[in-house]
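Read from first to last, the chains carry the letters A, B and C; within each, the first residue is number 1.
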Amino acid sequence: MNPYLPREAEIVERIQETPTVFTLRLRLTDGQPYGFEAGQFNMLYLHGVGEVPISIVAGGEADGLLTHTIRAVGRVTRGMMALRAGERIGLRGPFGRGWPLAAAEGREVVVVTGGLGCAPSVSIIHHILRHRERYGRLTILQGVKHADDLIWRTQYEAWSRQPEVRVLLVADVASPGWQGAVGRVTALFDRIELDAAHAIAMLCGPEGMMLASAAALEQLGLAAGDIYLSMERNMQCAVGHCGHCQFGARFVCRDGPVFAWPDIRDLLGVRGF
Amino acid sequence: MKHAAFLPRHALQILLDALSGEGYRVVGPRVRDGAILYEELRDVADLPAGWRDEQQPGQYRLERTDTQRSFAWAHGPQGIKPLVFRPRESLWRVHRSADGRMAFSASIPQDPPLAVIGARACDLAALELQDRHFLESIRDPSYAAHRAGLFIVAVHCTHPASTCFCVSTGDGPRAGKGFDLALSELDEGYLIEVGSERGAHIARMLPLQLSSDEQREQAEAEIAHAAALQTRQLPGTNLRDSLFANLDHPRWREVAERCLSCGNCTSVCPTCFCHAEQDLPSLDGQSAEHVRQWDSCFSEGHSTIHGIVIRAETGQRYRQWLTHKLGSWHDQYGRSGCVGCGRCITWCPVGIDLTEEARAICGPNGEGAT
Amino acid sequence: MSKPRIAVHKFSSCDGCQLAFLNAGEDLLTLGALVDIRHFLEAGFAEEGAEVDIAFVEGSISTPDEVERIRRVRANSRHLVTLGACATAGGLQALRNLDDSNEDWKQAIYAQPEFIHTLAHAEPVHAHVKVDFELWGCPVNGRQVLAAVRQLLFGVAPLDERDKVCMECKRQHAVCVMVTQGKPCMGPVTRTGCGALCPRFGRDCYACFGPAENANTAALARRLEGLGLPPVDIARRFLFINSQAPAFREEGLRHYPPGFADD
């Protein structure tokens, strides 16, 4: 198997979430099966421009479509924003190690996300809600810089109506009609009660936010090994060859992107790593 | 060397011809533009007979000597790396038809197998590390294709440069393994050791003679002398803990004053594996070639992630290089990523010496900051 | 869908960078089929005021007329791309910015200097209008220019090649002329994009592609000093082609001795 060779995928649906965030729902045209674990990513290829690593929001459900939510921040992603339904891109994956689904079974799950960090964590939320009986209480803490940055409001509302699910939203800057809290995501930890001995946490978002959240969760009594973080680094090959994503001894693309907190705590937050 | 046979000097051409006859494209050391490079080699007359390399930090000069020997030098800027991990190489191509459908096809190298003459012990050690990187966890098809056919004729090093320190990394000057044939050069010819079945096959085509005790002792003595000549060394054997305990050491800032972050060190390093991918579309936009090319942790693009440069400062880049090369390689591949060839010292335009930097940060014995 | 319209405008320059288009051979035919060339005097298209999708601008802004004209070009262009060292960093003619010799030169060169209306300083285009992308080089080359065109036609920003020349030298197996011959090569501080052209032919890089990212000009200047270059020559190495690029300008002026311009 050639790990570098993309497959063709057709854009079945395209959703503009915010002025700079869009969702592509994709169908692989080769008809071959595709499976992934929540937290893994794909390399998406824009013809003639290049590849980018994008986490998998959803896939393999009834319609068989793969869902990617993308923020237009670089050459490739800005170019991708102009794509329309019916157009085609390249796709290879899935890559990396996802969330610890097995370890989380039977336990209370806390999902902490910031910014578009919600994209990788949506896959875990979907998984838990689909297999509700296997998991304990689900707490979702979502922080955004500006209240208007929050995408999928209706989805959060729908999640919050599910049994044993709490959703707490927080924005650094509120806007008219904002129902959530104002401040940092860490401020929400004062508001939740947690069965720390039987909880597992999954963090995703800016590193400063993950550092602060991991520290706050440890304060609440969570074992460090029960805190998981999804990392981002420059990833080009996605198979641990090109070297860009190295974080100390780890290749984020291959050994991550999801890591247990003790595995990366020495270097997380050190400038330049 | 107990079982080494003797090949008279004039018969070395037969080795080249035998390899060509078996379908190998033979590359070997030749003098070009003031350095010894691996280039196509058909005639032993093109070997760098009578040349010696004088290497210092930031300086490489070829000098004439009166020896008739062809391998009485240390090395040039290249190891074996460029032959297997190519500086620029196509990974795949895509064609997009008028209706927007895309067809991807892998670019698997089809060129003939290579035989390389004159590989050094340091480069064999580096090749073993690159094998582990590119072949062990997930197989790299291009590297695998180049590597599968590679025939290696090593030459034990007898003339290390002042920048060499393979003794301190345990990788030379004797080529211990990883070769098909290994040569010791004497005035009258070569002692040949066989390292593989393919090597034995070629050796059977050569007019080999029994070697004498004196010849074998002479060859051993020259290798031992080469080891004794080396003055540089790395502190300790595993610098990982001490490097990662000194991430705020002032030396990182000091070296950044001198470092050009030009990427010469990583490019000549025989173990560095970083590469960047890039799309090269045809002008009409219908097709594109997806290539990879050598990158460096000293480049901005190496750590750029959606517009943020994680290692914007030179000191951070130098720290990334050193903590990886001498530190986290131990976790990744069970040993240091440095094989003591010293190329990064010689080919650094400003002569930064990795052994000196490591000593400044880790102490003379690798025990930590001093 | 109508074809994208492009224009090539010339300001103060030698016209050499436009040859990247004219010398493109078969690619020029391909390009002609992809775009609608509205203005390109050297190729015989003359519609200076045409509204275009991409305007390539060659040359520095050196006269009062050019100050006005570059504003009109900007107003008529969706993307404005500089073409080469003059438009990007002032070029050779910006050497006159280093002191107040502009008037003296005018008097010395022209028979009737009263007809010459130049600005005291020759400036890069970005000093006057917003620039969307800069193509460095004296001159630029076809590969570089057509790659940028292709990416713009794809609707994305061209790839900004900011690495050092050294990295390309090593990829091409060019032997380092500084390490083997002690030549005062500028490769370690200069942008790639030329394909390491000079070092591949045994010549030291003279920095025509401008400063690379994170260029440690001070360290290279110390090395040049160590190779025996007097300060005036170190200044020339940095100021020669791209004297208005801040990294080169600052380093060059540090070694710029009094009376340098009178040499």
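Quick note on the criterion: a contact is a pair of C-beta atoms (placed from the backbone, for glycine too) under 8 Å apart; a residue touches a chain by one contact, two chains touch by 3 or more.
Fair warning: this is a prediction, and the values are worked out from it, not measured in the lab.
J.: Using the touch definition from the top, what's the fewest steps needed to get from chain A to chain B?
T.: 1
J.: Have a look at A-C versus B-C and report the one with more C-beta pairs in contact.
T.: B-C
J.: Please find which chain has its CA centre nearest to the centre of all protein CA atoms in view.
T.: If we average C-alpha coordinates per chain, B lands closest to the whole-structure average.
J.: Farthest chain from chain B, comparing Cα centres?
T.: Looking at centroid distances, A is the chain farthest away.
J.: Once you find the CA centre of chain A and the CA centre of chain B, what distance in Å lies between them?
T.: Chain A and chain B have C-alpha centres separated by 40 Å.
J.: On a C-alpha centroid basis, what's the spacing between chain B and chain C, in Å?
T.: Comparing mean C-alpha positions, chain C is 37 Å from chain B.
J.: Averaging only over C-alpha atoms, locate the centres of chain A and chain C and give their separation in whole Å.
T.: 43
J.: Which positions in chain C touch two or more other chains at once?
T.: Where chain C meets two or more other chains at a single residue, that happens at 150, 154, 159.
J.: Two or more other chains touching the same residue: where does that happen in chain A?
T.: Those would be 47-49.
J.: Out of chain B, which residues touch more than one other chain, so two or more?
T.: 278, 281, 285, 295, 301, 313 - these are the residues of chain B that touch more than one other chain.
J.: Quick check on the complex: what are the chain C residues that touch chain A?
T.: 150-151, 154-157, 159
J.: If we count contacts the way the header does, which residues on chain C are in touch with chain B in the complex?
T.: Those residues of chain C that touch chain B are 27, 30-31, 33-34, 146-147, 149-150, 153-154, 159, 162-164, 166-167, 170-176, 178-182, 185, 187-189, 202, 213-214, 216, 218-220, 222-223.
J.: What residues on chain B touch chain C, complex-wise?
T.: My answer: residues 32-35, 37, 58-62, 77-78, 82, 87-88, 256-264, 267-268, 278, 280-281, 283-285, 293-296, 299-301, 312-314, 346-347, 349-350.
J.: Could you list, by residue number, the parts of chain A that touch chain B in their complex?
T.: It comes out as residues 2-8, 29, 45, 47-51, 71, 73-74, 77, 86-90, 232-234, 236-237, 239-244, 246, 248-249, 254, 266, 270-273.
J.: Enumerate the contact residues on chain B facing chain A in the complex.
T.: My answer: residues 91-92, 94, 96, 100-106, 133-134, 137-141, 244, 247, 273-279, 281, 285, 288, 290, 292, 295, 297, 301-307, 310-311, 313, 315-316, 319-320, 323-324, 328, 330-332.
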